[in-house]
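Below, chain A partners chain B and then partners chain C, in two separate complexes.
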Partner chain A sequence: MSAHTSFLAHERFRWFKRSAWLCLITIVAYSAYAPVGGRNGGTWVGYGLGTIGLLLILWLSWLGVKKRGFSGGSHTIRGWTSAHVYLGLSLTIIATLHTGFEFGWNVHTLAYTLMMLVILSGGFGVFAYLRYPAKMSENLIGQSASALKKEMQDLDIRIARLTQRLPDSFAEAARMSLDQTKIGGGFMALLSGSSKKCGSAKAVALASSQAETLTDSAQQTSATEMVASLSRKAEIASRLRRDLSYKAIMDIWLWLHVPLTLGLIASLGAHVFIVFYYW
Partner chain B sequence: MRLSLITIKRRPDSDDVSRRETLLEGAELRVGRGADVDVNLPDVNVAYHHASLTEGSEGLVLTAVGGSVIEVNGSPVEKVVMAAGVTARIGMYELQGENAPDHADRAIALSKLDIEDVVVSELPQQIAESLPSRRRLSWLAVIAVIALFVAWPLFDIMQRQAPDPNEIIVKGMTPQTEASLASSQQAIRTAEAPMASAAGYSPMEAAWLSGPMSRAHAGLAEDCSACHVRPFEMTTNESCLSCHAEVDQHGDVGTHPILALDNFRCAACHKEHVGGDAPIERASTVCTDCHLNLKTMSPDTTLLNVGDFGKEHPQFRPTLVTGVENIDGVLTPLTVRAPVDAQYPLKEVSGLNFPHNVHLNEKGVRGLGRASDKTWDMGCNSCHVAEADGSLMRPIEMERDCGYCHELTFKADNIDVLRELPHAKPTQVSEIIHDYYSARVLEGGVKVPGAPEGARRRPGTKLSDEDRAQSLEWASQQAENELKGIMETRLCGDCHIAAADVEKDARGRTIWRVEGALLQRHWMPKSFFEHGPHFAMDCVSCHEATKSKESSDVLMPGIEICQDCHLGEQAGDTTASSECLACHDFHIDDYGPMSPDHGAAMTVRRSAAERIEIKREATQ
Partner chain C sequence: MTEIYEIAIIGSGPAGCSAATRAAKLGVSHILLERTDHLSDTIYKYQRGKYVMATPDNLPLQSDLQFEADTRENILGWWDEGTEGSGVNVKFNSEVTAIEGEKGDFTITIANGDTYKAKHVILSIGLQGNLRQLDASSIPGADNGVTEYQLDDPKDYWDKDIIVIGAGDAAIENAVALAQNDNRVTIVNRKREFSRAKSGNISLILTAIKDELLECAYNASPVKVNEDSMVLKTPEGERVVPADRAIARLGAIAPRGFIEAAGGVFEDGADFPRVNEIYECDRPGVFIIGALAGYPLIKHCMNQGYEVVHTIIGDPVESVVRKELATKFQVIPGFNDVQSMLEQIKAAVPLFQGLTLLQLGEFMLDADIHFKKPGDAFMEKNEAGDSLFVIHEGDVEIPVTADKVFRLGQGQFFGEMGLIMGRRRTATVLAARDGSGAVGIEIPRTAALKLIASSPQAKKVMDETAILRQLQTFLSPELTRDDLSELIEAAQTKQFGRGEALIEEGDEGDALYIVRSGSATVSKKVGNSDVVIAYVPAGQFVGEMALLFHQTRSATVRATVPVDAVELDGALFRSLLDEKPKLRAIVDKVAREREEENQRTGNDVVSRKIEFLTSIGLGEATNAIVIDEDLCVRCDYCEKACAETHDGVSRLDRAAGPTYANIHVPLSCRHCEQPHCMADCPPNALQRDAGGAVYVDDTCIGCGNCARNCPYDAITMSALPAKKGGLMGWLLFGGKFGPGEAEKPKKSKENKEMSRKCDLCRDVDGGPSCVRACPTGAVIRVSPEELFSRIREGA
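Up next is the complex of A and B:
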């Protein structure tokens, strides 16, 4: 298997197959057993499905913790991720059968809802990890973000130097570029990756319009060079912002996935406690 | 003016400082970003020509040009005298006045601020820097769930009085009367809002309910401990029986101990928290689990195996009356169960002579007695009317259901007086007839041909002993003749079999025996049938009465008739209900209460309640 195999296809979909079998077995058990009072979590099959679901949730949570700790071997991480994703998805079936399709405004349905939200956010994580790494390398055109940042710094020096031969209006453009070319920032700025307010982009417009008024040919050459430098800087800034936005998207779901998982484990504990408290 | 410009450079990561001196000459020295100014400050924040250095009266003066900004001690100024020690800042550069060396008029030091000196604010590069930590959010979620959904309700529960776990509580359930039963059934039918309950639970306790309570138990919905007596213990049968003390056994526990269901929980069949009218499982599997192969459960049972009504239910076996036996002075009908069979129609002994076909004649029925004025169009409901509860037909009563046509009146040949005769009392009838004739001859004036002298004499005249004996003898003879007609043909004999005893009574009168009717009231007593819901059907579609000539015909339909509509559970919900409970009860009357202890406790409680009621009535 090549190193480019997605974690979804790990070991020829080993975990997909295992999860599919698990789902199939639970569906058969659910369908075959028609107890008095109807199918729900309080029957023997219901208890069985609930136990499987509970153990899966605990194991998957532990996997989530463990996964971060693996230091070496992409193979191992890929395997665990594959297991985490497919077994997590199988919970949608196992837990739904455990409910017997009985829902209400209660702590039991709360646990189910939290679980579904965890799976949904995890699903988004899978989507993000499948979609954005490729987009990221495409966006940075094979360069690293730090190399682009270095280039931006070089451009800043160059722009500053060019302003020494140009009127103050160009210094204004250079200052605009220097002060207002923000990369990163608050939550929304990071997530949107928008370059609408980019100082360098505005500086390009300003410098271009000023360049037309110049008459001295030496200054014209400097102005042209400055506009080119500002344009390049604006482009790099835009790419760096987009890079951060992709990273933000690849991170954001964890702010739902992790706290909701802990909430889920707590509500599962409550669910089990209550069910047997009032057996 | 000669100016000594000392450019100070600090080497990175070292305290070494290099000072390079440049001598500038001119009346006005220009300071700015421009490549062609005297003091070049390559910084975009510096104007092309930012400021000028000139010789003033107080010394070297630095003057801002064209609105540029010079900072001294952090505040903007337009002009500053660069005495020794005075520092002015332009962009990233600092100019500091120094004492002039010998070879210059003035001296000034120029240095570029280090990166650290300029406040560079690096913007956050990760959302983690602007969001609360996931660890904190996780703890928040855990604490919120535990506090809201566990601690709060649990605290409320602990606050309440815990019931004594060893006490068998017989709850104050009022004995059911006809009225209370009707009203509770009405409440179930109308699906109104749940009954109010005394004990209320806190809002978060409601979140513990795994599903809605049935309407029958709606009143208990907020009193969890009514059923869940002890934490972490399944609901016990004691809890159920504390209200349902008189629920009957499933069968005769004496002969079939297994039916005591000792190892079964009530809740095994009665599942609560799934809504509905009552926690009663209607699916037939509850019954067929055992009844599909009953011999394995109880080898000596006489009951037949039963499965789905559509295919695996045995033919109906009505209980037929075959006669009467005198058991210890009590007349007891003899019965037998026999399956309905189209080829061998069932017969039973009713003691009655009643042809259904005559009464249901399409052309009408000729009236009798007071009804003889016309031809009557009779239907089933002319005699048979369903009970008020819509289940069985009310029992036939001769006077009410037959008596309008079949009048029991006696009218002698030559008198107009009608005499009513009682039904089912042949001895009284005999007395009445004999009394009538005796009275007539003793009165005199009888004009019947063949009557003796005494009877024919003028009323009011004296009767000799001889004539009297002769007349009474004649009257008795007349009465016996009349009675024979009444008993054998005209009145009783119309419907019953009447026979004269061989022996006569002490007065020499014939003793008439009229066979009473043995009408079966409930041919299938192990099930219940409701005529009410079948109102849209013709009676004759199940009971073939129009063709029945004999009263011995058993007009109970076979199972095939029912199966036309009741196709069985496996046929789906679209057909008429076919589950066992549609026709059979699980808890069967007359087998005694499931729990004798509870039954006894309930009886004690009830009699106490009744005593209280009596006392209350007495004091009022």
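Up next is the complex of A and C:
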């Protein structure tokens, strides 16, 4: 549906084009200017590129503040993200050419490495933003998580009511489903979205095997309904887990992206300081 | 010999109490009869601790009783003290059942058979106590005790057969609650769908029916109530349904029979009995005031109580309404007194013919009066607006094309298109450039609708003019009233319910329709299914193909929301076309363009999406929020932005709302063409601004009517959150709540639960914050036309 425009395509790829130009100019400047002593951060082009790089990084970091500012004005955060992504990527060229490919075990290269990691994590972010939203919709089939949770509660009531009409052995399955159907939890559980330990899934197996032993036809009907309710509950639970795990993947990279940014800014400060100190 | 009171006051709401206290203070013999065992039952029944508002703010209070915005408890306290202190003679548990006799000698009978005598009667029983009931004369057994009209607690019933009658929110909630308590419930719906209720309740009942939690009888109505069952008339014939209890939830109305017996007269289609300038109804000596006379605000009620007592004892006071009008009329050149100005206005404006001067005065109170210098505009083309203008003095000009200018004079009106269609202004209207200025009376939408609803004459004038102007606007401004008189004469306005067909594919019909309000889809049969091929918003005509080419209907046109359409006679229209080649050319062009478009949009995916969007009511939206779920990363920054720019309360619920494929329509206001929320707001707090935003102004009293009336759950009643996170606090001190996040709202006297809804960010520079805050571009706010055309182009 082209009713919407994604951040990548913002204003007909305006920032992609601008960043591409920026890279091109950088490459030309770098190639054209061949000072004695080789190309590196200490030449005029080197200073120029370094300054552009630093300013870009500071501006890119400002997104974190901007998106929480909710200020009025003609800008959109979509536009900011668009510029962020393309200009961020252009740093791979700008900063690399600034270094003149001189790397070593020092704070300068640390800054560079951190920057590349930030960019890499950002790249993963874009990948996640492109991939998971559709997966999330597919997973919940047009329903909202809260509607599904509500349905689970309704199912719990129905299951509890059904156990009253069934032998005690079914109560065990109901309890299992009630106590052991966890959604979310620890970091790994959240991220994996696995339903292997789902109490309701186990309860389905237990209830179906119990159902085999019934002879009374009214009870058999109730048991069938119970198995159906438990399966539905297991199904919802597994979808909700997957929902959380998708959401977690879409969030987790930011937990690298942002702290790495802080590290980057600190080490850059050191880099610039050292460079001028030893001038 | 029983005492003959000077005044008997029936009903002790704000109106009745105020009247009784005035009578007591003046030493006039009186009696106040109240059905319940306490004063003011309507207010007594407000929820505990409710903060009652005293709107309109600019209207002074004229009463011996204290009243200002405060809690229900305090207000009831003041009134208890005030009435007692002034020696009001009140009789509780006295439900009046009949008022007989005439001025100077009325006999008032109460439920236990006691009677009272009085020279004058003030009827102030409000509306709330009068739940609509089944009519025992047409439904035998309706009064046999099986049927009740309220459900105090669903837990009172268990394992019973219960029939719930009605299709509104109350009926649905009762039915489902009863069914959940293990009763066997049948809900009886007069129509074939549940369209009156809120969408949440509609899905509640539909799921309950699907899950066989309860049963629904559609298109059904009760014909007989037995001791343990009810006979229903259904399309399949009569059916007997077991019933230990029937609960009928049919709404509240004025108790017509009682009032008519007391001498009140309801005009055709009117909801309230007719009263004159001094609130006297058609039977002399009987005065009707308060909510029953159509004045729902407490302040109005109290002022009327005061005034009417003075009128009765022959010492009239100038009403506060008139005092207000005097200030209002100042702008009119040559104004000197209110009475003659009102008479002058009434004489000059055909639209007001059917009104009493009292009603006219009320309208004027709501109205704004504008004086414009020659060439200054009353309204601009494309601005949103839904008020009606009446010309009191001078001429106005409406430039329709470069060289064609319409002229309207004294007594005529303009702006009715915005009012009827809920669309933007179709033309600019200026004070005539060659005159000496014009005076226009601007009547706000609600007042104008009330006028049309209460005066059949006004409705007729309005309809005819509107049809003429619509034909001129949408066909050709060249057309004159004479060209069209025959066609208009024969034209009929028709209403179509949601989903009803105006035109059915394959039919022989020969009529042309102009969609006046609402919208429709055009669909064609492809194989076994209907494929939507076009969308028709208000203001367009449909049905021209069959008419032009003498063929059967080539497509079905179905209302997506309630539609109000003008049906034009095919033969008359065709002869008009034969006479006017220019007009024929216009209609031909539209037909050609449509045919081309229809060819283009046979696409299945597009058709399904449009069908989905119209099925959830987007057809009546002017600006709806639509999320592309393939782009939405569920960060909820849209909600946070909304909260941050709106007192900490988000006007948008991102996760809730219907979804189809990747289109998600979250809960938030759609700024409907004809906002349902506006329908029933006591202080008229819902307004539409020139940009089209429907917003709540600060006169909201928190009654919750708007939230109940919005079919899209777009309004929440909420207090403001105590603490709001700020950006700096969050950044620097790691505050608990970031921007757009806040603690749960706590209600208090200062922090009331009020109507909170989207205002399209009318005060935010740059427009909708939700749209601007989304990092990925997943949120847009668009009109349905724009959305549909983008979907079509995208396919």
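Things to note:
FYI, the second predicted complex is superposed on the first by the 270 of 279 C-alpha atoms of A that agree within 3 Å, B and C clash if a C-alpha of one lies under 4 Å from a C-alpha of the other, contacts with A are read in each partner's own complex, and residues count from 1 in each chain.
Definition applied: contacts are C-beta pairs under 8 Å (C-beta built on N, C-alpha and C of every residue); 3 or more make two chains touch, one makes a residue touch a chain.
Here the structure is a predicted model, which means the values were calculated and not measured.
Of the two partner chains placed by the overlay, only chain C lies in contact with A:Ser137; chain B stays clear of it.
In the superposed model, A:Gly263 makes contact with chain B only, not with chain C.
Of the two partner chains placed by superposition, chain B and chain C are both touched by A:Lys247. When both complexes are overlaid on chain A, the residue A:Asp216 reaches neither chain B nor chain C. More residues of chain A lie in contact with B than with the other chain of the pair chain B and chain C. When both complexes are overlaid on chain A, the residue A:Leu178 reaches chain B alone and has no touch with chain C. Contacts of A:Gly104 after superposition: chain B is touched, whereas chain C is not reached. Residues 247 of chain A lie in contact with chain B in one complex and with chain C in the other. Residues 1-7, 10, 65, 67-70, 72-78, 80-81, 128-129, 132-134, 136-137, 142-147, 247, 250 of chain A touch chain C in their complex.
Those residues of chain C whose C-beta lies close enough to touch chain A in the complex are 609, 626, 628-634, 637, 640-641, 644-645, 655-660, 662-664, 727, 730-731, 738-740, 764-766, 769, 771-778, 780, 782, 787, 790-791, 793-794.
Within the complex, the chain B residues that touch chain A are 33-35, 40, 42-48, 122-128, 130-131, 134, 137-142, 144-146, 149-150, 206-212, 224, 228, 231-235, 268-269, 271, 274, 279, 281, 283, 285-286.
The touching residues of chain A, when paired with chain B in their complex, are 34, 36-38, 40-42, 102, 104-108, 110, 159-161, 163-168, 171, 174-175, 178, 182-187, 190-191, 244, 247-248, 251-252, 254-255, 258-263, 265-267, 269-270, 273-279.
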